[in-house]
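Chain naming follows the written order as A, B, C, D, E and F, and within any one chain the residues start at number 1.
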Amino acid sequence: MNLGEILPQLLTGFTSFSLGNAFMLLVGGILIYLAIAKEYEPVLLLPIGFGCILANLGMSVYDEHSFLKVIYDAGITSELFPLLIFIGVGAMIDFRPLLAQPKMVLLGAAGQFGIFGTLILAIWLGFPLNEAASIGTIGAIDGPTAIFVTSKLAPDLLGPIAVAAYSYMSLIPIIQPPIMRLMTSRKERLIRMEYAPRPVSQTVVIAFPIVVTIIVSLIAPGAAPLMATLMLGNLLKESGVVERLNKAAQNEIINIATLFLGLAIGATMTSDKFIFDPATGEWQLRTLLVLGLGLLAFIMDTVAGLFFGKVMSFFSGGKINPLIGACGISAFPMAGRLSAKMAQDEDFDNFILMHAMGANTAGQLGSVIAGGVLLAIVSTMM
Amino acid sequence: MNLGEILPQLLTGFTSFSLGNAFMLLVGGILIYLAIAKEYEPVLLLPIGFGCILANLGMSVYDEHSFLKVIYDAGITSELFPLLIFIGVGAMIDFRPLLAQPKMVLLGAAGQFGIFGTLILAIWLGFPLNEAASIGTIGAIDGPTAIFVTSKLAPDLLGPIAVAAYSYMSLIPIIQPPIMRLMTSRKERLIRMEYAPRPVSQTVVIAFPIVVTIIVSLIAPGAAPLMATLMLGNLLKESGVVERLNKAAQNEIINIATLFLGLAIGATMTSDKFIFDPATGEWQLRTLLVLGLGLLAFIMDTVAGLFFGKVMSFFSGGKINPLIGACGISAFPMAGRLSAKMAQDEDFDNFILMHAMGANTAGQLGSVIAGGVLLAIVSTMM
Amino acid sequence: MNLGEILPQLLTGFTSFSLGNAFMLLVGGILIYLAIAKEYEPVLLLPIGFGCILANLGMSVYDEHSFLKVIYDAGITSELFPLLIFIGVGAMIDFRPLLAQPKMVLLGAAGQFGIFGTLILAIWLGFPLNEAASIGTIGAIDGPTAIFVTSKLAPDLLGPIAVAAYSYMSLIPIIQPPIMRLMTSRKERLIRMEYAPRPVSQTVVIAFPIVVTIIVSLIAPGAAPLMATLMLGNLLKESGVVERLNKAAQNEIINIATLFLGLAIGATMTSDKFIFDPATGEWQLRTLLVLGLGLLAFIMDTVAGLFFGKVMSFFSGGKINPLIGACGISAFPMAGRLSAKMAQDEDFDNFILMHAMGANTAGQLGSVIAGGVLLAIVSTMM
Amino acid sequence: MELIINALWITLLGMGLTFGAIVLFWGMMSLITAIPVREEKEEIRITEPDSLALPETGQKAKAAAVAIALALAEQEQQQVAYFPMPVTAFLSAWQLGMRTRQMTQKGNSKR
Amino acid sequence: MELIINALWITLLGMGLTFGAIVLFWGMMSLITAIPVREEKEEIRITEPDSLALPETGQKAKAAAVAIALALAEQEQQQVAYFPMPVTAFLSAWQLGMRTRQMTQKGNSKR
Amino acid sequence: MELIINALWITLLGMGLTFGAIVLFWGMMSLITAIPVREEKEEIRITEPDSLALPETGQKAKAAAVAIALALAEQEQQQVAYFPMPVTAFLSAWQLGMRTRQMTQKGNSKR
């Protein structure tokens, strides 16, 4: 047989391996390190990191016969993975703290400003609209929402956007506190909030997800699939009559979807999309810009949330602790936990956990709506 | 930018929402209510109800980009969901009570008359053959069978047929007793049945599902996939050497398939198929007819079953309690439970549970066969 | 209606049933018997046997509308099933015994000779290259590897090859001992191995799967997907931060994939591919040849492994017990268990379990690499 | 009218084939269950036969007995469902210890 | 420049719709939670209201109480996740015994 | 004949590459395991080394010890498989109580 023909074929592993690939292996390794050593959202960053490594070893979603392409088409192109994850997330959220104090929901809207602030910046930096909007979704501070919108507007950015969204989400406890201290006076942080929640009947808890689905589908059809699956999961849990399905949503469905979502997204992170594209011969600086803008999105969200918290505090005659404004960004439940902790640091007897969680779940709702609205608007303009 | 262009696009949620949709939201709500408050087959009616709501908020299986269409194509069009559910059901059925008293199997055939009686009525009412046959399958009183056949003959009727099948199944304890009292004398209901089952060896229990699969595939190829998956599940359980697979069948597989089957079927229930079709400008009275005919199917099944029970009782010289005839309709295991209870109501010491379960599992087999035969016949005539 | 038209249609079950089909039902029954009574790899042989029965009752993967074709296309054609199984297997392998004694890894290469020895024989017997190579993969003595390679080179042989691979794997305790006694002197089998493993840090255990993936992807791209998924599973387990995903890999994912993999492969075993093809009018003797060659592959693997073990023993100055050479064939973990037992039979105090397991896990790695290399070479020559 | 006749034909054919298959089942079941049970331990008598011989007495007791049997059986099944035993194909190195013992118990005859 | 104006429009529209939906939620929630709770047993007071009336005292105790409540709730959820009850649709014949009892308890009214 | 030669070439190439990769593994493993283990607690000595130094004595005891170790390890793995800990990404509000405690334990350094 003709070795001259076969050997080159066998060595494609080496011949097709570029310096850029080597660099991306490093990137994948760093993500895995952050996932394991720092426990930054490990369930997502570990698969993403491993997927990134595979993508640069000839198994990217852009390779025709790669098994990761099969998974990508089945779960990302079809939009199913983020929605399946939301079914599971919904089955793990409890809206009672929010239902017990309805006005807290307002904080969920303010915390989305970062999405649009980032979009403006990205446009100004020269990103095309679809990419700018996708980058903005990092400001939703909600993985599935960002991935759902990006997979429709700018799939090539899935990698950096998902990485930014999940990494910064783990960094919430580092990103937010300085801003909180800067924007609130000690006096404000010391505000104690009375907690006399209305009793919430089981009927209300069950009706809530259904009504929310209907309202959102009418006002923001773009957000309908996300909100519908989130609320479906919540209904499965609260109904109390379908534990089999509730269990499936909280375990099999979300676990399998998360693993393959992470792998598939990681498998989009090839060096030519991340660093240098030999075809066009240009460097991919946008990747770094995305990471930078993502951080800004988090900051703007927090600032807007705190500002709105101060406004509500003012109009309520100082009955509301502005710190809970910072939970409106979603990042459920870390942000809620953090605000409560900040208040406790100032005064160990100041216990605003329930208010914070109310605002935090509101942020979850707000993120989905804002993401969907953005998707709808931009789609109509393309 | 041109608001005049964009705003209409953003308001599609409202503009595309019709009065019919509003009505269907109510229908979906009622199904969810029955599932939660009345516990009518919640694992199915709850997802169907929620799917129905989504279908009328722009996420029906008829909308090109709906995620529910993806699920529908993957599981209903491909026929996989009902078959996956049957793998799980098979792993939960125990045929020992039937194997211990082989002649009980005859009751499983009589209980299927409702399928064909309903078909005749539907034809007489002017339904085309494919729809009439699909409506008849409600008389199989077995969800997966009805859905499997209907998805091939008249997919548009999946919604009402599935709803009828599962709702009435939950109503068995209300539908059957009056008929039982009407058709049997107290003397008959008091008949005690001797219970001296043959010992059933493990070998037989394992051979049974295999032999059944072969026989049915030869006589009624149309029923082959359903029977094969049902028996596969049973084999996984009885073999005792593949607990991993048995567990997967009884949990992951059946739970996930059930959730998405319900959602997908609910997502076919759009107002234009259910109430009024603006395109053709005609009212969909057939939906009501389906519900009505479905009830008749249940009644005819019960009557035929009881009648056959009386015949067997007569020929056995009064050794058989005709009540067990009512279990031949399948509706496993509620029907079996009910017959046993009826006998006990007359005489607390009359214990026919094992006979009833034998007839009930026989009904399960009969339903699948009858459904498959019907599918085969009608397919050849279309 | 015209019975003359319909009846034939209804009787297709009988009319299309051939003597060959009857024979294949027997084959399927035997496989199920071996799975249940003899516990030969039941999780695979039972589904394969049942699939074989269905294939000969009109539900083969070659029938256009068969549900098993849907499953086959979704999992075998797409290559996903073997890879999903490997994610689970990887999450169950522990590489510590190997990492503690690196040189043991060499035994993993020698044990693959059977693959190529069988290929030569098959060529000599007149098999075309793609089939010969597929038959060779039985010598990988690793189900998923053999199936992965065969599904790409000669899908028609999936049935006999999978059956051979898994049956003989269960027969390891019968196949290997005579060869071991024949090729090793009592003196050699009595060799005691000092066991002073280097301490293995958690860092190393976590880095290992990543580094292996990279090396293999560069040297043997053909083996990349298999090795990548195997190592992904191992990383999920060893990372210790993603128990949810680890659990999913070890249970839901591997169980579901295994059940449907078995069914789909069994569903390729139609009589015309196995016994007699009416179309070409020729008998399929190759099926028997495959089974025969498969056995030879196992023997050659063992011989090569033991021979290499003796070589290492010689160069180590009799510090290595050649028996562990027999674990290099993979067949993880039965082969490892067996070698340890052989040594103990000679001298109850001779405890080489850890060395055997090291060589055995090495064999697992070697099998995947050899399989991938073979796939790459043959692909380039077709 | 012709349609109705069609429907009647379908009914005849359908019920006929259904009964046909079911009758075959009857024969098949009578056949396979007729085979004498070799291994005593395999026998599964769902309830005590002698207590059934005299159906007038101790019915409640029997009912209870059955109910308990059922409960236990169910429990068992549950365990099956939630604590599956590991299967050969998927053994991990660490499960080896147990296996080795098992093998010794079984003796080589089986594998 | 024109692009930036576009972006500002998007921001205006987007935040507007988001706030709109959220305000609707506020109204909806106030509405549905306003419905008086009939069944007392259904009430879910997340913590004792009176202990909350005087927020100066026993805060630590309260915190603890909540923490425990949360812990228990979580535990409960875990059980839900790992020991699901069987569901009507999937009953096996052997689960019948239990069901029969259940039915007697519930009474016929429900089914 | 030419085909056989082909097959021999394939064998040569195949075994060559396989051995090549495996040898690389050997080097790689020797390398990464050579890195001194910092954290003592991380060390995993599969069995006591000194008891291994004198292989004549207490072999049975050792075997038993290993078997037990394996059994325990397996058990552990089982638990992993069936009682997974919740993961940050999926926390529910009710799991908060536990998390808060965890956070306090860990200190802020980590997150």
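The criterion applied here is as follows: a residue touches a chain if its C-beta (ideal position, glycine included) is under 8 Å from a C-beta of that chain, and two chains touch if they have at least 3 such contacts.
Owing to the predicted nature of the structure, the values given are computational and were not obtained by experimental measurement.
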{"item": "Type of chain B:chain C copy interface by residue overlap (half), same or different", "value": "different"}
{"item": "Pair joined by the larger number of C-beta contacts - C-F, A-C", "value": "C-F"}
{"item": "Distance from the mean Cα position of chain F to that of chain D, given in whole angstrom", "value": "42"}
{"item": "Distance from the mean Cα position of chain D to that of chain B, given in whole angstrom", "value": "23"}
{"item": "Intercentroid distance (Cα basis), chain E paired with chain C, Å", "value": "49"}
{"item": "Euclidean distance of C-alpha centroids - chain B vs chain E, Å", "value": "32"}
{"item": "Per-residue multi-chain contacts in chain F, two or more chains", "value": "6, 10, 13, 17, 66, 82, 86-87, 90, 92, 94-96, 100"}
{"item": "Sites on chain C at which at least two other chains make contact", "value": "1, 6, 10, 39, 42-43, 97, 219-220, 242, 244, 247, 250-252, 258, 353, 373, 377, 381"}
{"item": "Contacting residues of chain C [partner chain A, same complex]", "value": "78-80, 83, 206, 210, 213-214, 217-221, 224-225, 228-229, 232, 235-236, 239-242, 244-245, 247-249, 252-253, 373, 376-377, 379-381"}
{"item": "Residues of chain F touching chain C in the complex", "value": "3-4, 6-8, 10-11, 13-15, 17-26, 28-30, 32-33, 35, 37-39, 42-47, 49, 52-53, 55, 59-60, 62-63, 66, 80-82, 84-87, 90"}
{"item": "Touching residues on chain C, where the partner in the complex is chain B", "value": "1, 5-6, 9-10, 12-14, 17, 25, 29, 32, 35-36, 39, 42-43, 46-47, 50, 53-54, 57-59, 66-67, 70-71, 251-252, 255-256, 258-259, 263"}
{"item": "In the complex, chain A residues that touch chain E", "value": "96-100, 102-103, 105-106, 108-109, 112-113, 115-117, 119-120, 123-124, 129, 132-133, 192, 194-205, 207-208, 211-212, 215-216, 219-220, 242-244, 246-247, 250-251, 348-351, 353-354, 362, 365-366, 369-370, 373-374, 377-378, 381"}
